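Each of the next two complexes has chain A plus one other chain: chain B in the first, chain C in the second.
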Partner chain A sequence: MNRAIASILAVLSLFALPLAAQQSLPPAPLAYEQLEDPAQEEAAQALMETLRCLKCQSQSIADSDAPMAGDMRHQVRSRIQAGEEPEAIRAWLVERYGDYVSYAPTVSETTWPLFAVPVLLLLVAGLILWRRLRKAS
Partner chain B sequence: MIAELGLAALWLAAALSALQLLGGVLAQRKEASEIARLVRPAAIMQGVLAGFAFLMLLWLFYVTDLSVKLVATNSHSAKPLVFKLAGAWGNHEGSMLLWVTVMALAGGLIALVERRLPEKTMLATLSAQAFVGLGFYAFLLLSSNPFERLPQPALEGIGLNPLLQDIGLAFHPPTLYFGYVGLSVAFSFAVGALLTRQVNPNFARAMRPWVLGAWIFLTLGITAGSYWAYYELGWGGWWFWDPVENASLMPWLAATALLHSVGVLAARDALRTWTIMLGVIAFSMSMLGTFLVRSGILTSVHAFAVDPERGSFILVLLLLYIGGSLLLFALRANTVSEGERFSVTSREGALVFNNVMLSALLGIVLLGTLYPLLTEAFDVRVSVGPPYFNPVGAIFTIPMLLIMAVGPLLRWRGDSFARIKNSVAIVAAIMLAVLALVLILGSYGLLPVLGLAVAAGLAVGSFLPLRGRNLMRAPLSLWGMVIAHFGIAVALFGMASETAFSEEKLAAVPVGESAQVGPWNVNLEQVAPVAGPNWTAIQGRLAASYDGGDPVILTPESRNFWAPPQETTESTLATRWNGQLYAVIGNQAADGRWQLRLWWKPFVTFIWYGGILIALGGLLALIGRLRTDLKRRYVKSRQADRAKEAAAL
Partner chain C sequence: MTSLKVWIPLAIFLLFCGVAAYQLTQPKDEFVESTMVGKPVPDFELRPALAELPGVSIADLKDGKPKLLNIWASWCVPCIAEAPHLDVLKRQGVEIVGVAIRDRPEDVARFLNQYGNPYTKIGADDLSEIQLSIGSSGVPETFVVDGNGIIRHQHLGDVRAEHVPVLLQKLAEAGAGA
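So, the complex of A and B:
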């Protein structure tokens, strides 16, 4: 009887182990550590501020304690360290997670109004000013 | 019993609101009916009843009456008193009740004191106010009753989100609501004036204090919200272009434009249609803000579509009010003549330019906020953030700030550029000098560099309208303008400086060792557990010394709340005149070292000092205007008395 319980416990602990390990998994090394080269760190920081933390509500990966944000910071820093261009890293992340991950929309089939409307607004503003102020004088 | 009293008061207030609407509408007929006389008393009584209902809710939270559903789901007996009370509006139902209460009190106030306008216009205004109010009463009573009882009283409450258990945030939503409601009053005035064809300087003078008041509250609300995000979220960011933030920025932008336009209407009888239009837009933006924050659409468009009861209710109200007022505007705008003319180089000309820029900026923020929601509805997810808002917004903001630096120097109606060219030269020279200086100092981003230059020029330019004036005799409202404009320069300087010069240090430090950030040396002296009323924490003790000076002790914490369970970081700040040291303690690594996050943010505090200055400027202007109004009223009543005496003789 005792042996049975012991073996059950042993089996259970086998399941429990990876679980415990997962929860106390330390964050990836570069999640909370800066790059040695200040220029590289600055480039990494600038990029991280424009990437969305997918597990949070409206926070960049540079502003979040979420484990996933930490992993992504590690990715960004280690890739910058390896000499990759920031925009190449962004492209890689966009390919992996979709446009949603980048706070910097680019002109595409779905986002063109974001760029067309400001131009339109500029024209309308110009038109209103021209009409209004011409009439006024 | 208390809850039932509150609910009954609320129903009565709603009924009075219906009476107010009906009376106001009937009074628009040729012969004023008897019911018209009831409109003002109904508005006042409604304010009293709504205020009473809100006091009842406060009482329920004060005693933590767990038989009331709202208290049980949002409060906890172990919570500090101030957060128990703040819990009354820190949730959906309570905050909607607060909105309705403030609106009813505002309606009661105008019914009580406002006598400048023709009675017909006033009654139309009050019925517009009642019309908006009724929608909210319906929303509150039919789908978000704050006084609902539980079948069985709960044993203990669930508690308030720990992030919200913060004194700054406790008073942040009410501040914004005062702003939103002020804009609703301005909107009612606009509707009243439009319906009765009374768009004139008198109407502008009646509307102006409400716009000013709303604008002051919105300014304070945004400033406080930004500071809260800065120190509470633990990463030192002060503006994220988050939809919730944008929801408060959009009404502010509209209110800023409206404020300047209503000033032109009051002083010069120009920009009539434009003022009405902005009144409608400003209120629409505050409705939109409420919708975005309250409907849950931001968490997920799909969640909103699945459980749409509340969201759709607000959406219907939103469409009804915005659509209705735009329709009214379209129908009546052609009956409003344009008003007085002015030349391009005039105070009005500069104000029109800035109004158009502000409106365009509002358009950008609106687009960037709503577009991702729109695409999400079609299952395409995009993110719009700082890399979009900053540069695109700057296209409109920088020209606006340049005109703002010299516009107040122009005279009303018509002026010549030659008259102010010396002042323009001074401002331009300062901007160019700062630009050159910063470019020599180092390489920073384009926007912060431009920001620093414009801030310097604007800071000086904002005081130029006082040149050659007797400072003691300059009107209070002029001082208000000067200080508010200077506040914009101060805030802009803080933003640009923080963006350009911040330094960050992430370090794993064993107890007893130090880390460097900028001019600071930070020593981790000890780490100890501490406990609060509803949390436990790990507290670090940091000795931070600036440039080798005497150390300041900082105690950042990593807190664990248990009701509801959540982990938060409590950052600590060492404030100097020239910036802030921002310190956060994180987790312990396997080797026993502690994770420290340190930032040195030069002049970051200027962002919020600027915000406070802007609000202070608004307050001075408001006091100045109200004093003038009271004087005018006094003179009028004296004249009337004298006329009576003369007639008696």
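So, the complex of A and C:
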């Protein structure tokens, strides 16, 4: 029985080959290979989880099996291995793709209202509450 | 007066629904534009993607002549669609330098045999390094680079017939500015 399943799978795997067309080259060395230094790998992983996969836009590069995401992971890991700071690598990518490539929120000319409005609403709510409480007493 | 105030939260809610509904009907823009337009192409050197043509390095982009830098791959289907239009550009005297992403020499050769070769040089970018360094997010993409190696324009997706005059125009502007 097992042998029958194995032979079916072997035949099916022949048909799977054309699907791997984008991957005619082996993946980048550090795409699926963790760094030897656990601290460096941890830093790389944290960064990769906050970088957008450009080919599969709702995933991070840590999450995606797209070849380009693999190349981006290689880029991140090899730079961290060379001693570069994670935030410098993020800045390098943002310089090329804009804020869009990073999932980490930043305060900028266009995003500051996102941070200011909640604070403002809290202040207004606090003010209303304070006035009501004062009236009640 | 109070009766009007009562409707304010509902009005805000409806406004929010309206904005959300409008956004849902808008087609999703899949393209991520490079923010490197106006900036120089970073230093690079790529080995030849196949034996017959030379590879590409930054020096080739700084030879004083504006040219097209085409990011493509033999495994990329839209690249087949743009091949005839690149050929039109080539016949108009445009120099097109290719960068093949994650490609093997035999696959590159087969593609060029089948769909024609518009390139004077093709570099092999096995790790998407050049692609990432110029802010390109997929294949195919075409960059107009002036004679000093500065990116003047980015075309996302395959080049179609209607894009040929646009690219010629951008090349002329790049030539005038260099």
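Points to keep in mind about this one:
Throughout what follows, the second predicted complex is superposed on the first by the 97 of 137 C-alpha atoms of A that agree within 3 Å, B and C clash if a C-alpha of one lies under 4 Å from a C-alpha of the other, contacts with A are read in each partner's own complex, and residues count from 1 in each chain.
Just so it is clear, a residue touches a chain if its C-beta (ideal position, glycine included) is under 8 Å from a C-beta of that chain, and two chains touch if they have at least 3 such contacts.
Keep in mind the model is a prediction, meaning the values are calculated, not measured.
Of the two partner chains placed by superposition, only chain B is touched by A:S102; chain C is not. By the document's definition of touching, both partners, chain B and chain C, reach A:Q57. In the superposition on chain A, A:P67 makes contact with chain C only, while chain B stays out of contact range. Looking at the shared chain after the overlay, A:Q75 reaches chain C, while chain B stays out of its contact range. Once the two complexes are overlaid on the shared chain, A:E33 sits against chain B while remaining clear of chain C. Number of chain A residues touched is higher for B, counting chain B against chain C. Chain A residues 57, 98, 100-101 lie at the interface with chain B in one structure and with chain C in the other. Partner chain C is touched in their complex by these residues of chain A: 21-25, 28, 54-55, 57, 67-68, 71-72, 74-75, 93, 95-98, 100-101.
For chain A in complex with chain B, the touching residues are 26-27, 32-34, 45, 49-50, 52, 57-60, 62-65, 98-105, 110-111, 113-114, 117-118, 121-122, 124-125, 128-129, 132-137. By the touch rule above, chain B contacts chain A in their complex via residues 233-235, 237, 240, 242-244, 298-299, 341-344, 348-349, 352-353, 356-357, 359-360, 363-364, 367-368, 371, 375, 380-388, 392, 395-396, 504-506, 508, 569, 586-587, 589-590, 595, 597. Chain C contributes residues 30, 32-36, 73, 75, 102-104, 107, 126-129, 131-135, 137-138 to its touches with chain A in the complex.
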